[in-house]
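Presented below are the structures under discussion, each in the form of structure tokens.
Here come two complexes built around chain A, the first alongside chain B, the second alongside chain C.
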Partner chain A sequence: MSVFQQIVRTHETAILNGWMKEISIATRRSDLMNDAEMRQQSSEFLHLFTEATQVSSEVRSDAFAAAREFLKGVAKSRMEQGFTASEISMFVLSLKQPVFNVLRDEFKGDASKLVTEIWTSGDLLDKLAMMTVDAAIELREQTIARQQEEMMELSTPVVKLWDGVLALPLIGTLDSGRTQVVMESLLSAIVETNSQVAIIDITGVPTVDTLVAQHLIKTITAARLMGAECYLSGIRPAIAQTIVHLGIDLVDVQTKAKLSDAFKIALTRLGKAVVSIKNHPAARAEEQ
Partner chain B sequence: MDRIPILKVGDCLLVTIQVDMHDELAMSLQEDLTMQIAKHASRGVLIDISSLEIVDSFIGRMLANIAAMSRVLDAQTVVTGMQPAVAITLVELGMSLPGIRTALNVERGMELLREFIGRDAEAEDVDGAEE
Partner chain C sequence: MALKSETYTIRSSDDVVRVRQIARAWASEIKLSLVDQTKLVTATSELARNTLEHGGGGAMTAEMVENGIRRGIKLTFTDQGPGIANLELALQDGYTTGNGMGLGLSGSKRLVNEFDIKSEPGLGTTVTIVRWK
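After this line comes the complex of A and B, so read on.
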């Protein structure tokens, strides 16, 4: 066991005080966290750290398991409180200064020993800090993945406009993953609702490139194979220009500028029409 | 060897595929169907594939062939009840089956066939009147 571990243990209180001071200068975010909470967290970690260093100097060993878990917890709670990744790493890194101070006082005059001890303890703390940042980033990535999944589900609703008429208002960029979901949800909705006509509305799709167009054509073809007709609506002038310039062949697809136009031909296809009830014989009969 | 039954309904033929299609079965169906169309002088063929869950390019081509053969024999083909997964597979295989008419279920398919046959009959009547 090297000397620095013993020194850390004997001077635990001094280090904690020094650390609190360091934190208050370097990374204090009193708007996010109060002093008592901070002190409690710091002393708990310092204790775990001291205990672990007595047994091992390898951060991946079992001795450090408790300290690692604690740092993960710290990273999680601080992420939620709104700390940045660098502020979270500073929590561990700011412990260096007080530890080095204690070591300096201990090894006055013995420069080579001082350097060795500073290196050992500094290395250990750096690794722990990196681990904390990793944990914080992992948490953030999990959040992003979850949100992507939610967005995927949210952004592909299939709505029923009429008996036998479905609409699929697409919003946002279409990639192959999303198109697959779109295709599957549309086709299963066609089977469920027994719909003859489906309208795909692309008003909310910002750009249409060859890939997106190909995905759309695939969906429309699949729907046709199942026996449902598919109309494409919500094509903005800019998108119409892009489609022609890219040489995309939409000849087999019935397209309309507006969803309402597509709905109209869908009703015609089903042999229905929307009429004004004013002056209509059926409405008059009801009034009487 | 198993054979897929072909039912005669009026001037249409009804085929429901309820077992997994293997290649030999598909070939024999093609043969039987063309024979039956010729024998009964059928005007329409309805193939229901709602219980078909697995397709490959061969089955896809078989469907296209049946449609083409029927057309040569002057009969319309309607494929009904295709499962979403089957439709996606066929599209991914690049088989959009352009010559085939489709419908959601047998009922709609029959309506569609009657429409075609009725239209043809009307056209013939008109031709006859002109003569």
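After this line comes the complex of A and C, so read on.
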């Protein structure tokens, strides 16, 4: 049975003072956090830690639940404040020195006992530090996943070119998840704006493989079922050759090299045309 | 002899995008034309996705190879998945056991200079392609 637990409890105040000194050397980021806030957080954790160690030396046990929760909170708030993962781990790791100091004073004459106690308490603090870093990384991953989702929606804007004409300029890699979003946003925009023509522009799509082609064909077919005509534009020469070699059949799809060409046929379909006003009766009337 | 060689795992659709980017980077390093780069990258996309979806994941080994003064990119896709019982059938345009277009294998074959496929039911599949400059 280890005895560092009792020693830590007896010397809680001394340890806290030592810890604050350590923190100020190793991790203090006065730009991110003030002293009072830091002392409050440290004292609260030290207390939870001391209490938990009286009951168990297993960091995953129930006894440590409150300490673990607290560290999760620390990881979260520090992540948001802009601390790095190693700075966050230093919060717990810098507690080792002051704990070791009181142990050293306690076991002056007993080297073997001292080593045992240092090892046990050090191991415990290492594990808690790793847990804190894990929590921080998990939070960062959640942030990344959320941002990816946001980007997915951001990067699929449906724009209205004209009354009845929509365009969907696709940019970037089209994986299954994103294509699903693209397809749905285009189809619902067709309904909302009551459009007759939709142009999907793939100028910004680096690779068109059979999966992308299949998604595009499905979208175009669905648009057609809803009564809208769908054109595909922005097919670069290299992509066109690749599509042919792959054996993808696009004969049923109206394709154009440029978005402007697709826009032109869309207007024609709506019985409209862009004309020069130079020789137009309306322009001439204005000149006179 | 390979001038350089590197292996990448394929475990998720992010990995498919990643190996595609590798193929593009290596192809541009030996100065393949834009059209040939696009062909190689597209074949990579097809084969990597097969490795992931039909083979249950695996790896791609990229090699920069030399034949006299010609340089090329050789890509080998391997998995320990279910394998393919009838290769002739699998290489037919439009043949699929899933919901795909069934053009991945046959299409990739047309996009590269060399194409080799070995498969053992129950043991896995290896597809090797080369695109020369």
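Going forward, the second predicted complex is superposed on the first by the 223 of 288 C-alpha atoms of A that agree within 3 Å, B and C clash if a C-alpha of one lies under 4 Å from a C-alpha of the other, contacts with A are read in each partner's own complex, and residues count from 1 in each chain.
What we mean here is this: contacts are C-beta pairs under 8 Å (C-beta built on N, C-alpha and C of every residue); 3 or more make two chains touch, one makes a residue touch a chain.
None of the values given here were measured: they were computed from a predicted structure.
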A:T242 contacts which: chain B (first), chain C (second), both, neither? second
Determine, under the contact definition given at the top, whether A:D209 touches first (chain B), second (chain C), both, or neither. second
Figure out whether A:A65 sits in contact with chain B (first) or chain C (second), or with both, or with neither. neither
What is the contact status of A:T173 with respect to chain B (first) and chain C (second): first, second, both, or neither? second
Hey, what residues of chain A end up touching chain B and chain C alike? none
Chain A - residues contacting chain C, complex: 173, 175-176, 206-211, 213-214, 237-239, 241-242, 245-248
Can you check the complex and tell me which residues of chain A touch chain B? 183-184, 187-188, 190-191, 194-196, 218, 221-228, 252
Residue numbers on chain B that touch chain A, as the complex places them: 79-84, 86-88, 90-92, 96-98, 100, 102-105, 108-109
The residues of chain C that touch chain A in their complex are 13, 17, 20, 24, 34-35, 37-39, 41-42, 45-46, 49, 93, 100-101, 103-104, 106-108, 110-111
